[in-house]
Structure formats: structure tokens, C-alpha cells
Amino acid sequence: MTDADIALRVEGLNTQIHVGSDWHDVVRDVSFSIRPRETLALVGESGCGKSMTALSVMGLLPPKVARIGAGRIVVDGIDLVAADEATRENMRGDRLGMIFQEPMTSLNPVLPIGFQVGEALMRHRGLSRRQARQKARELLELVRVPAAAERLDAYPHQFSGGMRQRVMIALALACSPKVLIADEPTTALDVTIQAQVLALIADLQEKEGLAVLLITHNLGVVASVADRVIVMYGGDVVESAPVGAFFARPTHPYSEALLAAMPRVDSDGGLEPIPGQVPTLTAMPKGCRFATRCALRTDACAELPPLAPVGGDPEHVARCWVRRDS
Amino acid sequence: MIRFVIKRLLLAIPTLWAVLTTVFLLVRVVPGDPTIVILGDQASAAARAELREKLGLAKPILAQYVDFMGQILTGDLGRSLATNRPIVDDVAAVLPYTIELTIASLIVGAVIGIPLGVWAAQSRDGFADWFARLFSLAGVSFPAFVSAILLLIVFAVELRWFPVISAPRTDALSERLAALVLPSLNLGLLMVAYVTRVTRSGMLKALGEDYTRTARSKGLAQRTIVWRHAFPNVLVPVVTVVGLYLGVLIGNAVLTEIVFNRPGIGKLIVTALNQRDYTLLQGLMVVSAFAIVVANILTDLTYGLVDPRVKTP
Amino acid sequence: MTQTPNTAARRAMRTPGLLLGVVLTVAMIAAALAAPWIAPFDPNEQDVLAILAAPDATHLLGADAFGRDVLSRILWGARISLYVGFLSTLAGVVAGTTVGVVAGYYGGLVDRIVVAATDVLLSFPQLIMGLLLVAVLGASIGNLVLAIAVTAAPAFIRMARGSTLAMRERDFVDACRSLGYSDLRIMFFHILPNILDELVVMASLWLASAIRTESTLAFIGLSVPPPTATWGGIVRDGFDNLLDGPWLALFPSLAILVVMIGLNLIGDGLRDATDPKGAQ
């Protein structure tokens, strides 16, 4: 792959948060790249570092509490980690858009919808208030908000959860970004609405050529929309694979456990919860971070395994001493 | 919005009725004989009976209540015991001064308190934050008459920048404003304290909300995020606290007027107390309770302006 | 609510403001208690040669228009001001909390009447209400305490009722009932301890408010009759001679200010220390 057909490239990302008096890694050496029209799913339990990865890319880490320790985040040839804050500000909302988990609280309750959707255009494209309003109407129509023209002056509390998430999508796409980061975009929604919102994102992705970074813990969502899957555990990437290969041959013991814990229509067996708990940040094991809960643990696991190809497929890698190709 | 206004006004009627009834009861049901309080315990029985008649206390209590309510409904507060002038006239003559003072101090409170609170919230535990905390601690700690006296000692007695007596001698605007500076600063200090506190904590909350993160994700500048996105959400608690403390403000306006020797409801209250002018006092209670009810209505109507959830349910 | 008193106490110790507040308040209380021994003069002793004297070696804080020693009057005045403040806050807290807990616990008609009455009382400015009561009842220590307690009670009724309502929804109250505990026992041994944190914080802020109200009433001339010294009264005496001796009003004002700042520091500090949200 050349840089030209890559929308977002993350290399060796390391993100840390401040606990007590120390900085602890919550994201370790994460690398991936996404092409236009491609969807990459970041999967894992809460606290695995997937949301921190998304916030790092977006430059929205809470200041003083979290920071990027190392790595490169490249969009449009610009390394966001090395760039100054003004450059990052210019990129946010323009080349990068983000939608969040909670549509109920992510929109400002005291500002009209039309203004919130069009605001990024005034900021990045120098549109006047009237022009932005016109464009906001088109955007709301694009995300299929009914009677968009009349609802420009409505406030968030007058919308349902599903409609608000559509508004959020319109807001994130206002400046036609290259990359859309969707952090659990459907978790807070009803199942039927979930499907609609996912279909909408897929549709817009096709139209606008978006690269989508999808953060989710829902493997059903992954199966239906993702092209590639990255599984994270304790801040590490433990497996990365094309979506077909992942569901056909989940290789890392944690990925297996995740799939076993997922309800399926085609199996009559019971669900298997993953035994044990994620170690706390301050008590992370030195080597493989899943070792404390892993049935296949060996002495080698005290050493952190590298990401290595599994099943003879160079696109399918896992971080496991036991399962790696020998 | 109009329906909201009408509904709010209708809601005020029972409150007003209850408040007036309370004034009526307080003045009559409390233990002790008001004629003794007024005339002293040396007064003759005849003098006391005469006063009782004059106050309308000789009638059965229910009849007194009907009289009292009937008078108020027709905009009559009775006549002063001491001067026999209609109380409404006395009140009307000084009310503009008290209203002027209250509004001026509200402006002082907002103009200093809001920026101070916003500034403090952005440098949590930094210099601005400590400064704002000290300032608001001073604001809530000073009894109004103490701060008034300190202002008077510094600016009128020692520095001689302002007159010691803040009663405007003429109606000229400059004169009125000069007479207003120290009193409204004094009264405003308390408002600054409350407004700073609530703005600071409201800003801290708003800046941590999801919608602020959304605003940041648009690439907006910090200044835009603070003033356009976070600040309007702080207006609701600010209006609440201003409304809540309007009562305190009115109480303190009384003291400020006394210390600065300004005409107003406060001075009238003191006059009534000194002359044991029972009916004037009752009338003033009605007026101040009425003022609070009006202030509460205005607060609720302001919600309609600053919070779309009220305006468009 | 769920934190142990221990962590709250430890956080309290880390708040320098709280410590300073305690020092200021305790110092003032100690001075008031020790007034008979440490006051250089009888507070009502008139020294005609010292009328309106500026602060000097004899009269450290000067003497007023009757030649009375201002320092001695401030020390003796502290006794009345603090006594009225403490007693009226105590009365307001006890009465308000009792009514609030009972109303919140039983609900129904009692509750609705209490809420309505509280709303009406709260619609009077606190100071105006106190002023009216003292004016009608007559100025004496007992009436001052009563009047100030009445102005303080509604806030405590509202708080106690609200907390009790929230508490009543919790499982442990049901559990207590099913164990056959009496209502009284549930209210005072199970509900009350849970709102104690909030009660203490509010009480310390209201104590400041009560002392302020007392001194304000005295300043207007509605407190124990002269010549007995109270802080507000001493300020008033000084204020009447402001141009002849600004210090006469200044020093008693500072005394009031010290207690106000001390109590407000305690109240704010306690609130920060007991607020679980402040833990972050």
C-alpha cells in the first residue's frame, strides 16, 4: 500500500494516563491503517484501550490526565502527534469526524440542531451563518432526518435517540472528512434503530469514500459492517485479521473467548463467560497481559509475544506464543 | 411561550394568597399584646382600647382577615399610624430607589461574577481559581452593613471619592449615578460571590460534558467552546441562584440603604420600627413579600429565555 | 454517602481552609468564654476622659462616645452574639430536621402541608422575616433566638425531607420495616445518621448566617436593649460617630468578619470533604 490510498495511518501509538503520581500505558504500540471506503473495527472489553485509541487519533484526550507517549498518526500526510495544536484543531472536524456513544448527551441542549450541524462549516470553510444553515439542511436530508427544513431550529430534546445519532452523523460529516471515527455509535440505541444507523453509515461511506474506524464491543456489529478486525486487550493489539478470516479462525485465546461469549443463532450451546477479570492498570503483568486469565498459559508468556502471522496468512496476525506459526 | 407566561402568572396567585395570609397571621397570632408593644406597658387601658379600635383589632379575627384582604386587593395598604398618610404613597415614593439599587447590584454581580467564574473554572486550582475563591469567600462572609461601613470608611471618609450620604440631592443623572456607586458595589459584592461560585462550578461541569467533547471534535477554538457551547448551559444555574438570592438581596438592600443613608424601603422599615408604626410595618412586609413573588416569577420567565427545554417542551 | 468517615476526615485535614476556619472560630469562642478574665475594663464602665479616644496603650481599640472601652465591649459582645447564634441554629436545626424527616417519612397530607408552609416561609427574605418577628415579639434574647430559628428552620425542613424521601426508596428501610422496627427507630437510628453529613455542613453555614442575622438586627436596633454589648450594637454605636472615629465601627466589624470567614471556611471545607464528587 502506498500512502496515497491510505486515509489514516497509525504507527506505534502509545497512550498513557496519569494515575496517582505515575503515567501508565493504556495503549501500547498500536499500528494500523485504513483505506477509503474501508471499515476497521476495534474490538475489546471496556477498558481495553479501544476508546483511548480513538480519542488519541481525534486529539481529544483529556489534557493533564492523558497523553500520547509515542507514535505517529498520519492523515493527509500530516503527523498529528508531531503537529502543533493549531494544526490539529484545523484537522479536527475537517479531515476527521467523530460520532460518540451517547447521542442523548453529545448534542448541546441549548443550541439549535441546524446550527450545531453547520458550525464546523463556518469554522473550516468560512461559510456564513446562512450558507451553513442551507448546508445543514442538506446534511440532515442526507442522514434522512424527516422534515429537515423545519427541524433546523429544533433543539436536541425534541429528537429521539436514533434521530439524535443521525444528527451527530450529519454533524461529523459536515466538512466531508476522510476519516470517520465511530465510538460505539449504536450501543445506546434500540436494536431496530441500531441496524438503521449502521446501514446509514455504510451507505454514506460508499458515497463519500469514508474510511471508518469503528469502536465496538459488539461482534455482531463487526460481522455485519467491518472489513478488518483488531482485537485489543489491556492496551495491546492481540489479533488483527480480515473479518472473514477472523470469524473463521479466531486464533488468540482471548478472541476465542470473546466469540464463545457471544450469543449465536446457529449454536445451541450455552454462553461461556470469560473467567477472571482484566487486571487493573497498576497491576498489569509484564509479558502477555491476557496470561492471568488464559487456559493455555506457558512459562513463555512471562515475555510479551510479538504480533506474528497465524494460519499461514500474512494478513492475519496474533500476539500469542502458543498459537503463532512455528 | 405566551401560554407558559400565563400559566406561571396563574400559579403565583395561590402563593401570593398564602404569603399575605402569613403576614396577617404573624402580626396577629404571635403571643403578646401589640398595643403593649406599641404603647409600652405603662399605657392606660383606655389608650390601649382606643389603639385596638384604630388598628381594627377589636373585630373578630375573620372580619379582620376579610378587611385586610379586601384592602390589599384594591391596592390599599392602609394608613400609617404615625403620620396617617396612605402607606401606598409612602412606599411608591421610595420604591424606585430600592429597585434602582437592586438592579444596579445585579448588574455588578453579573458583570464581575460571570467572567470571574468562567476564568476560575478554566484554571482549576490555578491562580484565577484561588483568587475567585477568596473573593467569593469575602463576599459571603461580609454582613451587608459591615462591608458598607468599610466601603464608607475607605472611599468616603478617607479617600473622599464619594459623598458620605448617598442620597442624590438633585435628579441629575450624574448625581444619581454617583450616589449609586458605593451602595450598588456593596450590595453587588454579595451577588458577585454567589454568581462566581455557581458560574465556576457550572462551567467545570459543562466543560466535562459530552457536548463539549463534540464541540472540540469540530475543531473549534477553546474560546468558542467556552463561550458559545459551555457558557449558555451555565446560564440556567446562574439564573436560579440569582433568583434564589434576590430575597437575600432585598434584605441586604435594607441595610445598605441605612448605612448609606439612601431613601428606600429599608429606611422606611427602620422608620416604622423606631416609631412603632405597626400598620406601616405590616404594609412593608406585604410589599417585600410581593417583591419576592414577582422576583420568582421573573426568574421562571428568564428560564424560558435561557433554556430551550422550557420554551419548547 | 457510602464513604467511611475516615476518608472524609482525612480529606478534611488536607483542606487548609478548613483548618484555618477552625482556628479562627475556636479562637473567637475562647475569647468570648474568657471575656470576664481577659477584658481590660467593665464593658459598661464609662470613662469621661476617654470619650471617642483613639486606640492607645490604655484603650487598645479606642473608646466609644460614652468613654466605654471598645475591646472590652467586643469581648463581652461576643458572648451574646455567639450565644444567640449557636442557640438559634441549634433550635432551627433540631426543629427543622425533625419536621422534615417526619414529613418525608410519612408523606401524604402531613407532607403536603409541611411543603406548602415551607414554601411560604421561604418566600420571605430571611432578614425581613427575622425583623418582623423581633419587632412583633419584642427584643429579648429568647425572642431573638426564636426569630432566627424560625428563619433557619425551613431550609432544614426542605433538606431533611428531600433526603428522607430519597432514603425511603432504598431497600434497607424496607428491610427495617420487615424486621418490625418501629417508625421512630427507623427514622432516628437509620435515616438520621445517613443525612448527618449534609446536616453538619448546612448547620455550619447557617451558624454564620444566624450570627450575621443577629448582628444585623442589633445594628438596626432590634436586639437586647442597651447598654448590653452585642457586636451589631457596637458597630452601630461606632457608625453613629463614623466621622469622629472610624475605628469605633471598624474593630467590631472586623470581629464579626473573622467569625463569618471562619465559619464559612468550615462550611465550605466540610462540604468539599464530604462531597463524594469532590474526591476526584
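For reference, chains read A, B and C in written order, and residue numbers begin at 1 within each chain.
In this section, contacts are C-beta pairs under 8 Å (C-beta built on N, C-alpha and C of every residue); 3 or more make two chains touch, one makes a residue touch a chain.
What you see is a predicted model, and the numbers here were worked out from it, not measured in a lab.
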Chains in contact with chain A and also with chain B, listed by label, are none
Taking each chain's centre as the mean of its CA atoms, the one lying farthest from the centre of chain C is chain A
In whole angstrom, the CA-centroid distance of chain A from chain B equals 53
Dist(centroid_CA(chain B), centroid_CA(chain C)) in Å evaluates to 21
Whole-angstrom distance, CA centroid of chain A to CA centroid of chain C, is 55
The chain B residues in contact with chain C across the complex are 15, 18-19, 22-23, 26-27, 30-32, 34, 37, 137-138, 140-146, 149-150, 152-153, 157-158, 164, 247-248, 250-252, 254-255, 258-259, 269-270, 273-274, 281, 285, 288-289, 292-293, 296
Per the touch rule above, chain C residues touching chain B in the complex are 116, 119-128, 131-133, 135-138, 208, 212, 215-216, 219-222, 232, 235, 238-239, 242-243, 246, 249-250, 253, 256-257, 260-261, 264-265, 268
In the complex, chain B touches chain A at residues 209-211, 213-221, 224, 228-229, 232-233, 235, 306-309, 312
So, in the complex, the side of chain A touching chain B is made of residues 58, 60, 89-94, 96-98, 100, 102, 105-112, 116, 119-120, 123-124, 154-155, 157-158, 168, 171-172, 174
